[in-house]
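Labels run A, B, C and D following the written order; every chain starts at residue 1.
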Amino acid sequence: MIPIESESTTKNGIKIVYVAKENILPFLTEKKLEGFDTLLMISGVDYKDHLEVLYHLLSSTNSSRLIVKAKTSEEVESVTSLWKGADWHERETWDLVGIKFKNHPNLKRILLSEGWVGHPLRKDYPMDKKQFVNLADDGEDRVSYEKTEGY
Amino acid sequence: MNLFFFLMSILYGIVKFLHINFIPFKIAGSPVGLWIAYFIVAVVEVVLVFVLSLVAVIVIIYVFRKYMADAQNRIGPNRVGPWGTLQLIADVFKLLQKQDIIPTAADRTAYKVAPYLVFTPVILGFILIPFGSVSILNLMVVNFNYTILFLIAFMTIAPVGEIIGGLASHNKFSLFGALRSAAQDMGFEVPMLISLISVIILAGSYNANDIVTAQRFIPFIVPEILGFIVFFLAMIGRQSIPPFDLPESGSELVSGFSTEYSGMRYGIFYMGNFGFMALSAFVVSVVYLGGWEGPIFPGTIWLVVKGAVFIFIFLLTWISLGRVRIDHLLLMGWKYLLPLSVINLLISAGIALFFGGLF
Amino acid sequence: MEDKVIEVNFGPQHPSTHGVLRIKVKLDGEIIVEAQPVIGYLHRNAEKLAEMGGYPKGMIYIDRLDYVAALNMELGYVLAVEDLMGVQVPERAQWIRMMMVELNREASHLIWLGTHGLDMGMLTPFFYCFRERERILRILDEVTGSRLLYNYFAIGGIYSDVTPKAFEMIRTWTEDFVKKMEEIQSILGKSYIYVSRTKDVGKLTAEDVLSYGVTGPMQRASGIKRDVRKDAPYLFYDKVNFEIPTRTEGDVYARFLVRIEEMRQSASIVKQVLEKIPQGEFYNKKYSKPMLVRLKTTGESYVPTESPKGEFAIHLIGDGSSIPYRVRIRSPSFANLSSIPTMLKGYKIADLTAAVSSIDPVFGEVDR
Amino acid sequence: MSDNILVTTLDEALKWGTGKSLWPFTFGLACCAIEMMSAMGSDYDWARFGSDVFRDSPRQSDLMIVSGTVTKKMAPRIRRLYDQMAFPKFVISMGACASAGGPYVRGYSVVDGVDQVVPVDVYVYGCPPRPEALIQALKMLQDRIVAGKVKH
């Protein structure tokens, strides 16, 4: 048994558990064996002083749900070894919130262009500082702050 | 103008008459005037058939648009000209002034030649079609002993234009379209030729006109129903219209072999496709439905009616069927159509052996 | 050429990518060696923008997520906000919501069917499906005043009551649609070419489905019988009778059959709702709009709903201010689409279009 | 003099042909694409106006309907598709997002108006515009081309 740091529920009664960020991978492995076989999504929240990573688990047999949270300072273990679907969710969380996932096979930006500066869902992301994208010679994106460089 | 046509038609009738009756054994001593008249008539006939084939293309495209719209609970083009009849004219005007883009990496010569390779054989093919028996109201531009072979040869060149166009474009989608076109042609050509051979066995001639006259009592569709099915499916396949539109396959290969073509070059491909449809409808009706043979009405009308029926069947398959996959298509060509055509060949050989005098 | 593998880029503009999907495909002849989807060409910052305005304002961005089934998206948001704030919703409003959501599910599936036919090289089913869809849109237009993006569900109810004329339209529609279903199914289902092209194509096993977090009709086509409407009933889904269609093959044809059956079930739900709908208030008067903007709340909420593509939900986190602190959208198509590499490996180019369109991706929702 | 009349008539005919035969590009971005498809569909049927040949390849199409939000990641691709089209080419900017950014104008990855990327001939308002509005835009574009008011 991996120790749980604290517990709460959402308004309609889905259990939320907090675990230490080192324990994420063992805890989720344990939960997967307990029957939470679907990973619905991974997301991240920026609480200004720290980041939180959320895992939404679902059991397809008795449809019970669990939300696992961990406080982190930017880096947690990747769970792509448990669920193949975690790949894209982790990439998105890295892209938008800026949480790094150790041992992820392909941790690149997914929604924004490669080379984008900053993580937009952080609360301190400067919304007034526009970035511009254009095509590089190899057909991939090139990002810059110059308005003349892109669209 | 009318007087001119009247005179020409009289001239035409005279020369036809003379041509059939005297020219074959009077070439050396024939008067010069007759040769000039013969030459003029040949030119007029060629021009007439050329115009006829273009009209056929225009009519088919118009009918296709309206018919497809009707099948899909729509109205179709109706704003340009009465009932939208001028829509294709507008399209041609538009295509004529479109910018002509040739990709820098393309093979320029092959790229330019390809559309004409599709379109020209189709027009030449129309000249070889026997549009009727020998009388004033009928057309038969060329009549020699190997017309059906030349006809099939022209129909074989047209898809080569697609392959060349696809390869020359230097585009991956075009490349795939060209490769598919090549595979598809090979899959359909062999069964088509074998079923044609059985027709030639029954008719005992390579002359398209003789094939028609051989069907004056029984059209070949009756003894050779298998061959007809193979030939007809192969004809749909050679045209690359749905369900066999793999070389162009819109939803898979963007626009297939014609992806890089713009303006009138694409327009020629487009018209070539519909011309090919008309040509293959005429060929099928010549080979299996007795061409211009028919009671009361002049032969040309019979041929056009028979061709129109096949064109409607082509359009119906276009509208209602989905696209087959390349492996299913090749499987169909080699595994089903080829054996069927061989069986048909044996059957017609037997018929020719035992009831040879019938045709 | 030593290396036989060609790399081809499908998209972001390609006739059969349903929008702006890009798939990098490595091809050996016609056979797909590797397929790698690239997304993000319609990333419209819905999460960030919803975190910048008040609770009711987030609706306009949620509406535009899955734009072919906007009411389903609205429902997910509205339920999450109501759950977070503890808003009571009148019974009539809930029944109307249920009816509208099922109507919109039909419209969404019809779009899928039409575009799926287009991807298989058939032109005509597209027009038939859009003709049927227009009938539903006319009903939705009559009720909500809009054709595609409705903004109809309000926090605490719905914006306007359903008129008797609209009820009459829905009633005649349900009667006609049951008869039309046969025709709709036969457009594709009776075509030998369609069936031979879709059987054993784009297979996903039950393990793959669970591993990728695939939900909705795709999951049910792979043999996992799960539907949020049955497992965790929201609204009044426990008071109506309907079946969860399930297949075990997990191929494109199974997804087709599941969706077709789902359309039948949705029509029957609409019919039952029409019988059971009570009279009464359609809006909770306590929560008028100006008040909602000022309403402050705290806590977390996650209400799963069954959208046409799968499990849709919004994880709302309130921090005590009148602006949501975090709006995290669980979009079904995003997870469904991530299964493309497994689904396409070893199949042919023609199967790519069939398999991708069988996912029914909508990019407003994938890229958010 | 007669030469001029001939040239003018030919010019008129060419303008008429271009205007009456606008082949749209199968190109959808977001929500508006669904309404564009509705306009193609049986109920609205804009094939009536001569736009029934939807081309999948940019080379063969004359009309690009930018139907939906233009993101920064997509904008260079739209420009490339526009460059791939052959002259004369026209652009209809459909809906609020394509015209000015729409509700996403405050976002970090949305281009506020496709006119920063490609030249636009007709703007259509609405979010999304109804198919009638798109058909009106098509008619407007046709009239302007036939009258020679569009310069390319």
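Going forward, a contact is a pair of C-beta atoms (placed from the backbone, for glycine too) under 8 Å apart; a residue touches a chain by one contact, two chains touch by 3 or more.
Predicted model, so just to flag it, every value in this text is computed and none were measured.
Visitor: Is the C-beta contact count larger for C-D or for A-D?
Guide: More contacting C-beta pairs are found at C-D.
Visitor: Please name the chain that ends up farthest from subunit C once chain centres are defined by their CA atoms averaged.
Guide: Most distant chain from subunit C: B.
Visitor: List the centre-to-centre spacing of subunit C and subunit D in whole Å, with centres computed as mean CA coordinates.
Guide: A distance of 29 Å separates the two centres.
Visitor: Measuring centre to centre with CA averages, how many angstrom lie between subunit A and subunit D?
Guide: Here subunit A and subunit D have centroids separated by 39 Å.
Visitor: In angstrom, rounded to a whole number, how far apart do the mean CA points of subunit A and subunit B lie?
Guide: Subunit A and subunit B have C-alpha centres separated by 61 Å.
Visitor: With chain centres defined as C-alpha means, what is the inter-centre distance between subunit A and subunit C in Å?
Guide: Comparing mean C-alpha positions, subunit C is 24 Å from subunit A.
Visitor: Could you tell me which residues belong to subunit C and also touch two or more other chains?
Guide: Residues 15, 40, 43, 45, 48, 127-128, 131, 367 of subunit C each touch two or more of the other chains.
Visitor: Give me the residue numbers in subunit B that touch at least two other chains, ranges are fine.
Guide: 72-74, 250-251, 254
Visitor: Of all the residues in subunit A, which ones touch at least 2 other chains?
Guide: Touching at least two other chains: 111-113, 120, 125, 127.
Visitor: Just spell out which pairs of chains touch, all of them.
Guide: A-C, A-D, B-C, B-D, C-D
Visitor: For a test of understanding, state which residues of subunit A touch subunit C in their complex under the given definition.
Guide: 8, 10-12, 14, 16, 37-41, 43, 45, 54, 56, 60, 63, 65, 67, 83-85, 87-89, 92, 96, 109-113, 120-121, 125, 127, 139
Visitor: Which residues of subunit C touch subunit B once you look at their complex with the stated criterion?
Guide: 6, 8, 14-16, 30, 117-124, 127-128, 131, 188, 191, 193-194, 196-197, 348-353
Visitor: Could you pull out which subunit B residues touch subunit D in their complex?
Guide: Within the complex, subunit B contacts subunit D at residues 65, 69, 72-80, 84, 86-87, 89-94, 96-101, 250-251, 254-255, 258-263, 266.
Visitor: In their shared complex, at which residues does subunit D touch subunit C?
Guide: Where subunit D meets subunit C, its residues are 26-31, 33-35, 37-38, 40-43, 56, 58, 68-69, 71, 73-74, 77, 81, 103-104, 106-110, 127-128, 130.
Visitor: Which stretch or stretches of subunit D touch subunit A in the complex?
Guide: 70, 72-73, 75-77, 79-80, 106, 108-109, 111, 116-117
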